[in-house]
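Read from first to last, the chains carry the letters A, B, C, D, E and F; within each, the first residue is number 1.
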Amino acid sequence: MSDAPPISRFPVPRMEDLPDDLRERIAAVAEKSGFVPNVSLALARRPAEWRAFFAYHDALMEGESGLDAAEKELIVVATSAANDCLYCVVAHGAIARIRARNPLLADQVAVDWRKADVTDRQRAMLGFAVKLATEPARVTEADLAELRGHGFSDDDIWDIGAITALFAMSNRMAHLTAMRPNDQFYLMGRVPKEMLAQLQGPV
Amino acid sequence: MSDAPPISRFPVPRMEDLPDDLRERIAAVAEKSGFVPNVSLALARRPAEWRAFFAYHDALMEGESGLDAAEKELIVVATSAANDCLYCVVAHGAIARIRARNPLLADQVAVDWRKADVTDRQRAMLGFAVKLATEPARVTEADLAELRGHGFSDDDIWDIGAITALFAMSNRMAHLTAMRPNDQFYLMGRVPKEMLAQLQGPV
Amino acid sequence: MSDAPPISRFPVPRMEDLPDDLRERIAAVAEKSGFVPNVSLALARRPAEWRAFFAYHDALMEGESGLDAAEKELIVVATSAANDCLYCVVAHGAIARIRARNPLLADQVAVDWRKADVTDRQRAMLGFAVKLATEPARVTEADLAELRGHGFSDDDIWDIGAITALFAMSNRMAHLTAMRPNDQFYLMGRVPKEMLAQLQGPV
Amino acid sequence: MSDAPPISRFPVPRMEDLPDDLRERIAAVAEKSGFVPNVSLALARRPAEWRAFFAYHDALMEGESGLDAAEKELIVVATSAANDCLYCVVAHGAIARIRARNPLLADQVAVDWRKADVTDRQRAMLGFAVKLATEPARVTEADLAELRGHGFSDDDIWDIGAITALFAMSNRMAHLTAMRPNDQFYLMGRVPKEMLAQLQGPV
Amino acid sequence: MSDAPPISRFPVPRMEDLPDDLRERIAAVAEKSGFVPNVSLALARRPAEWRAFFAYHDALMEGESGLDAAEKELIVVATSAANDCLYCVVAHGAIARIRARNPLLADQVAVDWRKADVTDRQRAMLGFAVKLATEPARVTEADLAELRGHGFSDDDIWDIGAITALFAMSNRMAHLTAMRPNDQFYLMGRVPKEMLAQLQGPV
Amino acid sequence: MSDAPPISRFPVPRMEDLPDDLRERIAAVAEKSGFVPNVSLALARRPAEWRAFFAYHDALMEGESGLDAAEKELIVVATSAANDCLYCVVAHGAIARIRARNPLLADQVAVDWRKADVTDRQRAMLGFAVKLATEPARVTEADLAELRGHGFSDDDIWDIGAITALFAMSNRMAHLTAMRPNDQFYLMGRVPKEMLAQLQGPV
């Protein structure tokens, strides 16, 4: 383990040095998923920012929404790919595969969302998200009108935009820190869970 | 007042309908600055996201740092200008003028940070921030080394990067909502406070 | 005064060394506006070019036109902002505020003309100008047709295009010389004239 | 099978209608890898072009070289990702995982070659390839000198450039035809071969 | 001749050292056109790649097609100009002048295909080709539908796309090798053949 | 003549309707070069602007300079090509061929100035000009220092920059008006003058 590649360009705190609330939440995630996602440790260098980041994340990614869980993750994958963000594409690609119960979709969206196996409505959603991610000033009322034409409500549009905005931040923290995705993410959602356990140990 | 331009594309909650903690914080800001910044209301449509946003904001913009308050605001101005973000350039331009006690600097940085009246160290800081804002994948170890050569510590670099990342999010929320800056911001920091009061009423 | 920042990267002639016609015109401007705009001195290094530049400028900016004086200045501000031109955004922003009798509009147009408080017709005008400024080969007959749909005549379209073209030149001269805007421009048109006089001396 | 998504926007010939040499080569590949790669059928619409394409492909990808087989595939993955080419990233990502005996590397290179687990020499190779793929006119003698500084010979540089050039073509054929990668590619090289057989049938 | 500029950055084989089939084909071209096009020698460094390249070239450029010979060459000129490829613009510009029996068209297309003296149908063809050359992922079904609206068949569209793809490769080989166009190309198709002979010797 | 393609999108005045000074200068040029360059007529729609334009042009292109006449024209060709400006590339390409007494150089510079047959000093000059033309805000003191390293004086640098700036304007007027180059320009400087006369009539 001593020569595993670093997970961040910046020094990373040890679990035992973290404030209780961070350590508890991180331990809970680790218990559920079988490992500690590197983002939890890399950002823990700054507990106040960590708390805000995950509060924001949970409000958007786990809150009520007209978007389903897979659609939210695909927004993350598409916009993070537009930013060449290794951590977010790999980690949220894994979650997207699991949420969508589809082993192909996340890779498709990461490489070329235009040609992915999504509905026209989802393609409009991803197109809007990528535009806001890469050319935010060009987003106009006409873009929102197009989303409404696909049946998205004001709250849905806010969710699409706010998830995009949150990961605009997250992608830049990942590039700033050269954040490394955990090896486990690469295979998650590609093979049945029991096979994964066989390959990676308990996940 | 009834035909003032809207401050957001999305419906904006009324002060009296907000959760207590939001209303109190907004009232406190209004008392201090003489008006309610539109961002406080535009984002209040989603209280949980609002809390996370301002917690993040305060952790970075009001926390201890090797950067002074004016430098932080200039990072916001430079990166928000790179994203053509009207709300953030106007509002944080105002704060930057006040923090820097300089009525010219924010406009200079907004239009062309390369030619602004800043030190070489600050120019390196702004160059790094704009690169992370606009071409995040191109940020490499060499860019961090250059900042270290100007005397920035790891924590300073984290601050530069994290402020940039936070406003990458904020700029996109502003473009999503077509957020309108308060008229008061345009003049703040350009004339002595007493003259401002004369022009705008109590600010 | 000896350590005021230079107004150009290139040596700047002294008033007394200028040809009579340049000195007289510059003195007239100074008398009217209370100071000598730096562009007059920075370009005076080359009298023949200076004469052509200001002849061109006057023909377009002071000639008869279907565009009003404020609209002309907003074209300058929008296209100069697209070129990150400090001198032209600051100086013509000041003139635009005065011509439009509006202290906010120039800053809005400089940061994001799409969201500025302009009419749809003016937004089409600014969109055309920015396209010609930044992607001139993409201007097609369809773009002119759109302007005609907003009621612009052939002569109006020529004016929009020619002002854009003139400042494509001017912006590049400003970047070539690192031309510095006079401090006075930053506040002009933001406060009543008598207050300005109080703050800056006679302007 | 009738409602499997099409593998090309253009009609695809049936195996039995192909010229003998195409059918034989395609059958040989299918026997070896367990399925017919869609590119073989999608391009078979034009037998003469097909023959040239695969002759070019084999000359470069299977010829003698100072680059090893994994390095060649990583050039394909990096440059195809720069072109958002779904077919080539997915198919050659699979081959790269197998050739490199590394289940992570291809995904890393596809998302952000700058942060992938490659040597400095390989990073220089990928940087050159992506530059030639995306900004070919900017490749100068200095870029070749940098590669030579990493120990690449003239023939190695030719190989890097020619593979990049070949896939500049291939990527455009894939975008022209909306070529769909076979589902099998997504998992190849991620799990042991016997597990793959269990999951996908004989591969 | 000893100090003629090199035709490639890489060593170029001598005619007498080439495999027979290459030498024969090159000699045949030279007999027909009066000189050996430099591409034939520059690429001959790799005979297997050379054979594939020219097989591909001939299949597309000399095969049956709904596009006439001049149209094919104009696709090469437009896309090669988008890639700033000196060899291909100059050499195929010459061929385009001859094929189109028009001394102006190739220069027009090289500088600005939007304003060239072509039909609307040809302009759509060139627009599609340049889009596939420069932003391949943005080519969608709608672009093909537009071509069909101009009467192009599936096979015509394949030809437009495949020629563009082939020269995406060729342009990159030319930039890799700094391939120099023969001096003779510059004048071909601009003056009557007998005058050319007078100027250049037998061509 | 009635169905010759229009030389401008805008109505063009007849020679006999022009102010005397314009008509005389245009006649003088026509006498010297054998035809009336279309730019003279297309811009004559606005005599005051016309006078300023040509005054500027003559001051720079015919004034004393450390740059020779061919170098000035190559700056025009390189920057106009970067702007895809048909009129300026074709017309000034012709003049550049004549001034440089070299039939190849202008085409080389138009397609890829990096690979043209120019000296290193000239390549630095063209690189600076193209940077100022296309990314003016990125021009910094370091770029001027590099030119000085090649022996360019302050006045030479001003000339390079001012010619670039003038044609930034001119290119946009040409795109605005869809200005058509005269057919005669295409061949000028490619064949001996007497041959040209034979082909085009008196030129």
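As a working rule, a residue touches a chain if its C-beta (ideal position, glycine included) is under 8 Å from a C-beta of that chain, and two chains touch if they have at least 3 such contacts.
What you are looking at is a predicted structure, and each value in this text was computed from that prediction instead of being measured.
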### Query
To get from subunit B to subunit E along touching chains, fewest steps?
2
### Task
Mind listing the chains that sit against subunit C and also against subunit E?
A, F
#### Entry: Selected from C-E, C-F or D-F, interface repeating A-B by over half of its contact pairs
C-F
### Task
Taking each chain's centre as the mean of its C-alpha atoms, give the chain farthest from subunit D.
C
### Task
Could you grab the centroid distance between subunit B and subunit C? Build each centroid from C-alpha atoms only and quote it in angstrom.
28
### Message
Centroid from C-alpha atoms only, then distance subunit C to subunit D, rounded to Å. What do you get?
### Response
53
### Task
Would you mind pulling out the distance in Å between where the CA atoms of subunit B average out and where those of subunit F do?
45
### Query
Of all residues in subunit D, which are in touch with two or more distinct other chains?
84-85, 112, 137, 178
### Query
Which chains touch which?
A-B, A-C, A-D, A-E, B-C, B-D, B-F, C-E, C-F, D-E, D-F, E-F
### Interface residues, subunit C side, partner subunit E - complex
137-138, 140
#### Entry: Touching residues (chain side subunit C, partner subunit F) in the complex
9-11, 45-46, 48-49, 51-53, 55-56, 59-60, 63, 83-85, 132-133, 136-137, 139, 141, 144, 154, 157-158, 161-162, 164-166, 168-173, 175-178
### Query
Taking the complex as given, what residues does subunit D use to touch subunit B?
112, 114
### Message
Going by the contact rule set out above, which residues of subunit E touch subunit F in the complex?
### Response
5, 81, 84-86, 89-90, 103-104, 107-108, 110-112, 115, 117, 178, 180, 183, 186-187, 190-191, 195, 199
